[in-house]
Amino acid sequence: MSRIAAFGEVMMRLETPGYSTLSQSGSLAYSFSGSGVNVVSALSRFGHETYLASTLPDNSLGDAALSYLRKLGVQTTFVNRGGRYVGMYFLERGFGIRPGKVTYTDRLGSSFNTVPHDPADWERIADAVDAVHFCGITLAMNELARTQIKRLASVVKSRGGKVIFDCNYRPSLWGEDGHARAKPHYREMLELADIVFMNEKDALLTLGMTSSSGAEDPLSQLLELIPQVAKQYGIGTIAGTHRRVNADNTHTLTGYLHADGAFWFAQPSTFAVYDRVGAGDAYASGIMHACLRGDDPQYAVDYATAAAVLAHTVHGDTPLASEADVVKAMSRKAGDIER
Amino acid sequence: MSRIAAFGEVMMRLETPGYSTLSQSGSLAYSFSGSGVNVVSALSRFGHETYLASTLPDNSLGDAALSYLRKLGVQTTFVNRGGRYVGMYFLERGFGIRPGKVTYTDRLGSSFNTVPHDPADWERIADAVDAVHFCGITLAMNELARTQIKRLASVVKSRGGKVIFDCNYRPSLWGEDGHARAKPHYREMLELADIVFMNEKDALLTLGMTSSSGAEDPLSQLLELIPQVAKQYGIGTIAGTHRRVNADNTHTLTGYLHADGAFWFAQPSTFAVYDRVGAGDAYASGIMHACLRGDDPQYAVDYATAAAVLAHTVHGDTPLASEADVVKAMSRKAGDIER
Amino acid sequence: MSRIAAFGEVMMRLETPGYSTLSQSGSLAYSFSGSGVNVVSALSRFGHETYLASTLPDNSLGDAALSYLRKLGVQTTFVNRGGRYVGMYFLERGFGIRPGKVTYTDRLGSSFNTVPHDPADWERIADAVDAVHFCGITLAMNELARTQIKRLASVVKSRGGKVIFDCNYRPSLWGEDGHARAKPHYREMLELADIVFMNEKDALLTLGMTSSSGAEDPLSQLLELIPQVAKQYGIGTIAGTHRRVNADNTHTLTGYLHADGAFWFAQPSTFAVYDRVGAGDAYASGIMHACLRGDDPQYAVDYATAAAVLAHTVHGDTPLASEADVVKAMSRKAGDIER
Amino acid sequence: MSRIAAFGEVMMRLETPGYSTLSQSGSLAYSFSGSGVNVVSALSRFGHETYLASTLPDNSLGDAALSYLRKLGVQTTFVNRGGRYVGMYFLERGFGIRPGKVTYTDRLGSSFNTVPHDPADWERIADAVDAVHFCGITLAMNELARTQIKRLASVVKSRGGKVIFDCNYRPSLWGEDGHARAKPHYREMLELADIVFMNEKDALLTLGMTSSSGAEDPLSQLLELIPQVAKQYGIGTIAGTHRRVNADNTHTLTGYLHADGAFWFAQPSTFAVYDRVGAGDAYASGIMHACLRGDDPQYAVDYATAAAVLAHTVHGDTPLASEADVVKAMSRKAGDIER
Amino acid sequence: MSRIAAFGEVMMRLETPGYSTLSQSGSLAYSFSGSGVNVVSALSRFGHETYLASTLPDNSLGDAALSYLRKLGVQTTFVNRGGRYVGMYFLERGFGIRPGKVTYTDRLGSSFNTVPHDPADWERIADAVDAVHFCGITLAMNELARTQIKRLASVVKSRGGKVIFDCNYRPSLWGEDGHARAKPHYREMLELADIVFMNEKDALLTLGMTSSSGAEDPLSQLLELIPQVAKQYGIGTIAGTHRRVNADNTHTLTGYLHADGAFWFAQPSTFAVYDRVGAGDAYASGIMHACLRGDDPQYAVDYATAAAVLAHTVHGDTPLASEADVVKAMSRKAGDIER
Amino acid sequence: MSRIAAFGEVMMRLETPGYSTLSQSGSLAYSFSGSGVNVVSALSRFGHETYLASTLPDNSLGDAALSYLRKLGVQTTFVNRGGRYVGMYFLERGFGIRPGKVTYTDRLGSSFNTVPHDPADWERIADAVDAVHFCGITLAMNELARTQIKRLASVVKSRGGKVIFDCNYRPSLWGEDGHARAKPHYREMLELADIVFMNEKDALLTLGMTSSSGAEDPLSQLLELIPQVAKQYGIGTIAGTHRRVNADNTHTLTGYLHADGAFWFAQPSTFAVYDRVGAGDAYASGIMHACLRGDDPQYAVDYATAAAVLAHTVHGDTPLASEADVVKAMSRKAGDIER
């Protein structure tokens, strides 16, 4: 098993019960998550030794976040204390035609986005792990976050560790002219990365590539552009998913993996959705698990897809399935009670 | 925007959690609603200045109801205090083949149904608003309710305000020979009304009309009878819906509007149902909103249908969608999280 | 052990959580109680075979009440179904200087107060039991309740059963000139009763007696008047309590028993109060238990006092202590965890 | 109506809220059930006088279980107190591809499985009832349970009562070589039984029968083997169901009844599932109700199927439908609110 | 009755249940409050027409806050929408020796503290009301808040309205050298104010006054300094309280009022505390109510003290007592259930 | 800071809400604790690196327990998986005269008490830590537990680690003639121990010592016997508390420490109790913290007493106070909100 860290912010998720709105309800359930949190938590359930590199305030909210990370099985050695705030988001679930809503508090003022790590931390982290996970959401935050993300990636790479980067472009975070502003930072990360999560949209919009064949359907664009990205940036493994929301509220997910110049695809999975936040992180953790172990690519996409589907069936952002759960799910349709 | 009042009873809704029965559970969630409450609450979210004319006891339950009305955005200037009781109903949700159940407490002893308004109230209300909404449920209560409903409708009409009447015939409230007993009162209301909510069943059963063509399907009957009602009672706008409960528990709703001798229909909408109580009131409020603004009839039925569909997706009797929410829903199938 | 019935209404108690008001909260816990319910429930925990004679509507609320009675250990053979409503009260707990509040729905329209029992029921009940408990609250309801209470008491007495009557005068139920209106009915009940619960206030206010000695303190009045009541109405056992609410929110309770011309008193008990409703019924059930078994009077007052104190420590109107619990409490100050 | 007892263990069910896991949640809802509890509770709602024969510890958990049984309408005269533990199981609901999980505490140490009944109890029970229900789960427990189950069945049969046996084979309880170990005990029970619940799997696996025709589909096997079982063991009525879990998470249930050499089948029912535990017991209680009343076989399967479908729509193991509810459900597709 | 506005921030209060910490719990109850919110909400229950002048973001949290204000009975005409965030605080209740904890999110980035009001708003508000309430917490925020507070106070004063200022100095908000930084702003506000809430600590620490007599006990200092403040700044009414936390966790409150050169004191009140946040605002609202009505000073301190004590008995920051409740509490020790 | 392990069982605590009984409630809150769990959790909050040595089943309950331990900050490297059950106890809180109740499931069948550790574990643990904590509850379990406890203690001692033993005699676990049965095992543990928690009762009852002076008050007995124990068994540090439950439900705690032939006492603390379970473990962890650091004895008793008092103010068995919290509490009476 590997030793894996993620660098990213810990967010507090506050959600109204059932399908009620903030105006209707008077209570909230809370938990702590974040793209990096989700990935390393999932990986710890797959048997890896995992770490989060982040910063939390030295107050009750920071204490609660730290307890929660430990509960998830993540080592908190590299979580610094300092700054004043935890990033938060409020979640109101939608129903049918009524969309769910996410309302953020000010993330830029959070401890993660205001307090720099001690430079010596980068070496310590790089020494402790085999791979580090980064995500485009962190890249969108501010100059401090961007500087740190690149510094840590460089140190890890220079010491022989693997750099994993999930493009995860969020329009609302980059704002106007976002793609143009994001492009140089994404390119820097791709130069450093060994495993990348993306699909054709990232290639077209953020990297500004174009389809020479003029293909307009996503699959053709994917088949044309991903190999170009792999070649241009020297990325061994690129993976991602296509998601379709169906008329009956089920979702269909198709995972792909590109490695050594070839594509592997999983069978499309159609399923009911209980809580969709964090499912992309589950897919990423599945690919990382299989690739770091050296599983064959077809097994990797199948495993990652099952992990992603399971993540839709669990309350909260953070995947909870063990490796055994995922393996079981790879050969099954619908679950029956296990007595 | 218009100033609109509704005249009607405030009911306390007490419901068991989830799908449990009163014998299983030990707790209840409560809220306050009523046909008039629902309509003016929805209209206040569409930007109108709204009032409820009603009566509540001067005790803790009355205080709680009043707070709740204010929270909904309804002005309570015309809510009198007096009498002793609030009407209540207990709701046990059904599941699949198991029907939901509504159990009432004694509505006839409620403050609304026992304490007459000061006659001067009618003038005050008529002066304050452009339109008043009434409903067939109030008409079914007792002589006091019927006298007051007609008196207020007359005063509003005489001062140039619009009278809106929702037929809303409830068999259990009118009892034996109900249609015969109801007929004269419904006719009086139709004589006064500018906008009426009904469909062919009201024409056939309550008004005792017959289809000369012998048509037996609801749509043909609607197309034949509604124009006759419009003509006979001089009603500018008549609107309503046809609802079909499908085998897979989804519902299909088709809204219609008849104005100036012509019919407009919305595309049938099929959707999953979260809480169906109050959806008819949402449709009514959508029509009222569009008609009072002078929107064209097709926009009115489309808007009202979207408002009704959204009302099925929200917990509680009372529609919560803003005008922006409805407009967004008019051009959409299923909702995705809005970050 | 004895067979004991109570004749009385089943009330639904709906209470806000903690110390919140109906305007603040949105949820209620519910349970079913009533003076008769409380007494027979307590007696069933003391080992007696108990029955309730009452009427409940044939709907979901009636079903829930019936389940609840069975759970309490009360036989429901004599609970008829019919009528339309269950009496209800809403409870908002007070704190310190802020008083708790009880808000009733219309009790007079309840099944119990509108549907007469089949006359043959009285014989059936009288045949099945050794004693029947009645309460002044039922006597206050309406003519139907009064007629039935007296009829059942007469039949039981004529067949050799014991009649137990708890005066329990509630000013708000008798209204203006209440004492005068109540007096003849109370006198009839006292004529029939073998065991009576009352204190000097009932003698002075309801029965209209006066203290010849001019005593003004409650104890002196009690010592003077209770023997007169016992003699005048031929009542073997009269019992009751004096309650004092102390400045620190604790209560002090002093129980007394008058039998065969002599008084017995329990040591005053001072204790913190968790839920005071129903504690009087616990005292009554303690006296009934001891007297029906033939325990000596001092044991009876001590046992009844301990039962009453325990009833203050349990959530809900209905006492839950077993005979063993009461006996243990008779020799103890404050409870420690029992492992 | 009949007098019916069940002999079986009372289990405490502890379940996490919603779809959360034991690691996520911090609270549990609890109730008490068991195959026998479910059957007699359902039968008491169909109008029968019902009893449970079981043993509970004399502590707070035993008290709570006893209250719960009374609430369900089951007479507890034959529930002894003794031993130390209540059997428990923890339930985590699954969602879609994620299976639900049941985790047991040590059932073999429970009061039911360690404390023998007084031999005189068997006569008392046999005298009080017309029929007794047993279940294969009890048979799997230990020698004490098996001895007692057979003893009571013999006594009931010898006094003219009916013996009902539900095969209900649970692999995890019989362990390795389970079918071989179970076979002699199942054969003994079948010899004694008048009504048996089973299907072709029990014939093939537990009784070790083979299909001479070599049929491989369950229906053909059922049609071939059940008549042989009926003949060999002299069983008047054999009934059971086939369940299919569909791709969209709905279930399809097909009930059958074999009596007097002929088969009757219900129309397959397809429905959404709210809580599937206990639905088999609902089917059994439906067959017992109809057979003990002498209804015709087609009515019996239809009634039992409707009862089983309704049991899937109610939270908890224990069916709650009244006879009227079942009859209503027999002629209906999906439920609408009943006002 | 008067028309009264408050100018201040709406805060979201998020609290863990019972006495649990953020690390232990997973749920929060939320409500909306703020010093100005509390004061005008209390005054609306005393019969006044009240307004809040504030700013809320145009998102779900802003909508929820607005609903909550309306529920409290406060007119929201002067609540603007804009900016991005609502100020929040997390509350963990303490127990005994374990202190409660308040953890804030970034208040300075809230809508209230970042979005300036349209200058025309000040005239509109001044025209609509007879008095405006300000508080030292707002003064501590930032330059925008300070500029606006002074501008509105000036406009109100210039149009003949009354300016009410509650000193409410919070050390953590002013930071290092806070008193020195605060002094000029406090002096400006005192120049404008008609009614001021403060005690000797404000005079000594913030205004930098000294006791010429060298008195060291708070009462002597109060008696010496408050008349000087009244004279120097020309303030008609100054009022405040002394609070003492007793060893048994009860609090003792002593209210004072200084007007026309004389002091009035209320009897010290000792009471158990359910929720202490907001009690100072209740005292202020009591003084404002009595002074604006022209009640005599002794009645004013007594009324305000009773209002403050009642505010300790209610969950949440916001006082809920009606005028009738306060008057009742003025003549009472401990509350008994009101049936 | 030190590295400290505890060897002991993880118990699941299931408690009814508020003051309700298992018969009244339908829900339970659960958490995981145990004497060893409590001690190392408290020590991890004081800054030590802590471990639990225990065994949990490889099922959902075991997973939940493991998550909970991690959340508490305890390393789970030495928690094995195996066996079938988790020990459980149900807690019903008492109120005033009504005692709380603890009901256990079968602890002897738990994973901890049935599955032996790999002998190599003892060396691994001894290598990893500076001290190990044991407790008399484990000693009471069965021969397996006793063998393991002594083996680990010996190995730790032989490698220079400290052995800490908390006598914690539980009569119900040792049963009849318990003290006689326990004596040899306690003596063995005392021979091995460096720090022991006990008081005069353990010396008199378990060790069978007698007071030569004939002293009957606990303090005199303590002063006479503890030095003898220290001398006889060569124990450097012995510590413990005297607890008194006062009439007003407060508790008074007096901590003592005996080291190097001398006694140190803390000032008696009197306080209200929120949750008393686990307070003894908090005292033990305070003594261990101070002694392992080499603090002076007076500081140690004062620190331990403050830690114990704080543990009474927190819900759950497990102390939550940080070192800073304890230090703050050492100089304070009652807590005020910290903003």
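Lettered A, B, C, D, E and F in written order, each chain numbered from 1.
The rule is simple: a residue touches a chain if its C-beta (ideal position, glycine included) is under 8 Å from a C-beta of that chain, and two chains touch if they have at least 3 such contacts.
Remember, predicted model here, so these are calculated numbers, not experimental data.
S.K.: Common contacts of chain D and chain E?
M.R.: Both-contact set = A, B, C, F.
S.K.: Would you kindly count the fewest steps from chain B to chain F, each step being a jump to a chain that touches the current one?
M.R.: Minimum number of steps from chain B to chain F: 2.
S.K.: What's the farthest chain from chain B if centres are computed as the mean of the Cα atoms?
M.R.: The most remote chain is F.
S.K.: Hey, which pair has more contacts between C-betas, B-D or B-E?
M.R.: B-D
S.K.: Whole-Å distance, chain A centre to chain C centre, using C-alpha means?
M.R.: Taking the average C-alpha coordinate of chain A and of chain C, the gap between them is 64 Å.
S.K.: So what's the Cα centroid distance for chain C and chain F, whole Å?
M.R.: 47
S.K.: Between chain C and chain D, what's the gap in Å when you average each chain's C-alpha atoms?
M.R.: A distance of 42 Å separates the two centres.
S.K.: Quick one: which residues in chain D touch 2 or more of the other chains?
M.R.: Residues 21, 23, 26, 67, 101 of chain D touch two or more partner chains.
S.K.: Please categorise the chain-chain contact pattern as a line, ring, star, complete graph or other.
M.R.: Shape = other; not a path, cycle, star or full graph.
S.K.: Among the chains present, which pairs are found to touch?
M.R.: Inter-chain contacts occur between A-B, A-D, A-E, A-F, B-C, B-D, B-E, C-D, C-E, C-F, D-F, E-F.
S.K.: Which positions of chain F touch chain D when the two form their complex?
M.R.: That would be residues 14, 21-23, 26-31, 59-61, 63-64, 67, 84-85, 88, 90, 92, 101, 103, 105-106, 109 of chain F.
S.K.: Hey, which residues of chain F end up touching chain E in the complex?
M.R.: 271-272, 274, 306, 309-310, 312-316, 320-321, 325, 328-329, 332-339
S.K.: With touch defined as at the start, can you tell me which chain F residues reach chain C in the complex?
M.R.: 18-21, 23-24, 94-102, 170, 172, 245, 247, 249, 276-277
S.K.: For the complex, give me every residue of chain A touching chain F.
M.R.: The contact residues of chain A facing chain F are 67-68, 70-73.
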